[in-house]
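Listed after this line are the structures, all set down as structure tokens.
Two complexes come next, and they have one chain in common, chain A, joined by chain B in the first and chain C in the second.
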Partner chain A sequence: MENFLNQMAELLEVDSVNPQDEIISFDAWDSLTSLSIIAMADDEYSVNISAQEILNAKTIIGLYQFIQSKK
Partner chain B sequence: MNFHFTNKKISGILTILPGNEVTFEDEMGNYNFSEAKSLKLKAAMGFNKKRIVKPGITISDLCLYGLNYLLDHNLLQKEDIDALILVTQSPDYIMPPTSNIIQGALGLKSDMLCMDINQGCAGYIVGLMQGFMLLDQPEIKKVVLMNADVLSPKVSKRDRNSNPLIGDAASITILERSNIATSITCALKMNGQGAFALQIPAGGAKLPNSPETAEMIEDANGNYRSKDHLVMKGDEVFNFVQTEVPPLIHEVFKLANITKEEIDYFMFHQPNRFMLQKLADKIGVSRDKMPSNIVENFGNSSSVTIPLAITFNIGNEIENKHYKLCLSGFGVGLTWSAMVLDIGPLEFCKQIDY
Partner chain C sequence: MSFNPIALNGKRFLISGAASGLGRATSVLLSKLGAELLLLDINEEGLNSTKELCGDAVVNCISANLQNPVEIKPVIIGAVEKWGKLNGFVHLAGRPYVSPLKSINHNTTTEIFNLNTYAAIELSKVFISKNVFADVPGSIVFISSVYGIVGSAANVGYAMSKAALHGVTKSLSIELAAKNIRVNCVAPGFVKTNMLDNVSGSFNQDYYNTLNNLHPLGLGEADDVANAIAFLLSDMSKWITGTILSVDGGFTAQ
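And now, the complex of A and B:
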């Protein structure tokens, strides 16, 4: 989880993120961030996720749990 | 599905690029995003310059320009052309085939075969396969494979998903039988259940162009396009490529009975730098063995990107040297393909501007 929070903070271009933060609320959020998250899920967790699934997950913790459920 | 060809070769490659160059910054103002966000996208994807035709120029113009260049420079003789294969998704007309139009314009002999193939990003390998198969016919000694796409008019200028990367180009590849024994190994797969991941929705029989299909609509990411425009589900395509292509590459190595260390270059289709670098890492080859510099210099020109990667990166060397290449094309269809072949010294390997 710690590692995931750091990865998300880097992709969202902030120093740190909280598990309850809404993913699309960050200034850096756009379709490139979405693709970068998809690539990170593939690289780090060997999981394929879609852009819609990121939106459905809503929060950082929601996305973390979704990725874990697909592993 | 695997294919194997013996005693065939590529003897020359010419790519034809529109002289008209457009930069990412030229078009950045069209997008519904801040400049900072667009520049971030540019850096990540490797967008910079691209070549697109002036209005009215079509694939037959690019192909004829290239063929006349070869004829004028004695690199090809009209009477030697036994088959003209054209791989494109942007034909001049729905009917007749554009390859017949080109045959007529050049005044080629009637004792020959013209064939259009509808294929995109994997179209270089599909075209090579078709050409090598034709060379098994005793009367076919020389095949001219043309790959050409002018898709820039089909992309919305306000679509940051597709417009920055699209480029127009054509290539001509000469295929012949080889006097020395050669072995070419190819693996290809298709999945039509993913057929709509890359699409132009309107303009065919299912949905003819109309004022309704021309209506510009904003998508969830802030891009504007109509049903007349090319649309790409970037996430699906990314996952498809990263999941399906690496195992296919390992499969073709196994079939060819070689290791990846024996490959001099991995000349892959060029969707964008981001995807290619991820692919290189996943296959386990160094990024400098897999050139990813075509989109930043010329744009993604569909099935022309593989020959363009060859002419741009090793065009001079390959006229005097021999290489072992691994080619791979993936995209529209969905189609994914890989080929291992020995190539060079080529009679010519050049690129020219239209």
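And now, the complex of A and C:
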């Protein structure tokens, strides 16, 4: 989980993120960041996710749990 | 006998990436034009399906992981000893890699480069050996992409691998001209294949519509690219080498 938080912080261009943070609330959130998360999920967790599934997950923890469920 | 300058009777070609998409469509077309084929892919099940689609043509299948260069030579040498020397090959095997710069991954980028680009060089190296090349006019065709020519966001790893093929094409066309081997490259736009399905799965309908609108003639069919490959393999293109042929419905004309 800690590794995932660090990865998300880097992609969202902040020093740190909290599990309950809403993904779309970050200033850096845009379609390219969405693609970055998709690429990271594939590279790091071998999981294919869509842009819509990221939105559906809503929070950082929600996305983490979704990725874990697809592994 | 009717005049058919694109006929490929009596010629034998290796097709990498033949298990699906453009590789499958190209294999089927070349078999209809009379060529004997050696189909190469990591996906053996897909290869067998392609072979079935080629009907009564002489088609043999070999499996190798092209991301691992040391696998390539022994597999091809063994196949050529069994089924005969080659007149050319097409490197269609490839993978997309959608990733913005901030999520680019070295390992994945290296895999993409090994498959999309370096495998083309390794296949060429094996092809020119006297044990493999049939010692008659030969033809090599690589497949790049519109994204080897123009830029797009979230595509740096893929664009690197495809733009590099243009340099490989031009360099080898000079080096191999003395051996009477032509080297050309087809740069397709987006065609309706499984690869596009996999990529576009990451996007929404708006993106798909945008993609369609980038092609003045609309999205292509796999056969549109296969036709260009057949031309470049045939003697109809015997004075063409070192060229990058855009087959993209006008994508890069804008």
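Quick note on the criterion: the second predicted complex is superposed on the first by the 71 of 71 C-alpha atoms of A that agree within 3 Å, B and C clash if a C-alpha of one lies under 4 Å from a C-alpha of the other, contacts with A are read in each partner's own complex, and residues count from 1 in each chain.
Here is the rule we go by: a contact is a pair of C-beta atoms (placed from the backbone, for glycine too) under 8 Å apart; a residue touches a chain by one contact, two chains touch by 3 or more.
Just so it is clear, the structure is predicted and the values come from calculations on it, not from any experiment.
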Using the touch definition from the top, say if A:32 reaches chain B (first), chain C (second), both or neither.
both
Per the contact definition in the header, classify A:5: touching chain B only (first), chain C only (second), both, or neither.
neither
For A:48, is the partner it touches chain B (first), chain C (second), both, or none of the two (neither)?
both
In the superposed arrangement, which partner chain does A:40 touch: chain B (first), chain C (second), both, or neither?
second
Please report the chain A residues shared by its interface with chain B and its interface with chain C.
32, 35-36, 38-39, 42-43, 48, 50-52
Chain A residues touching chain C - in the complex, by the definition given at the top
10-11, 13, 32-33, 35-40, 42-44, 48, 50-52
Where on chain C does chain A make contact in their complex?
98-100, 102-105, 107-108, 153-154, 201-204
So, in the complex, the side of chain A touching chain B is made of residues 28, 30-32, 34-36, 38-39, 42-43, 48-52
Given the complex, residues on chain B that touch chain A span 33, 37, 40-41, 44-45, 160-161, 221-222, 234-236, 238-239, 242-243, 274, 278
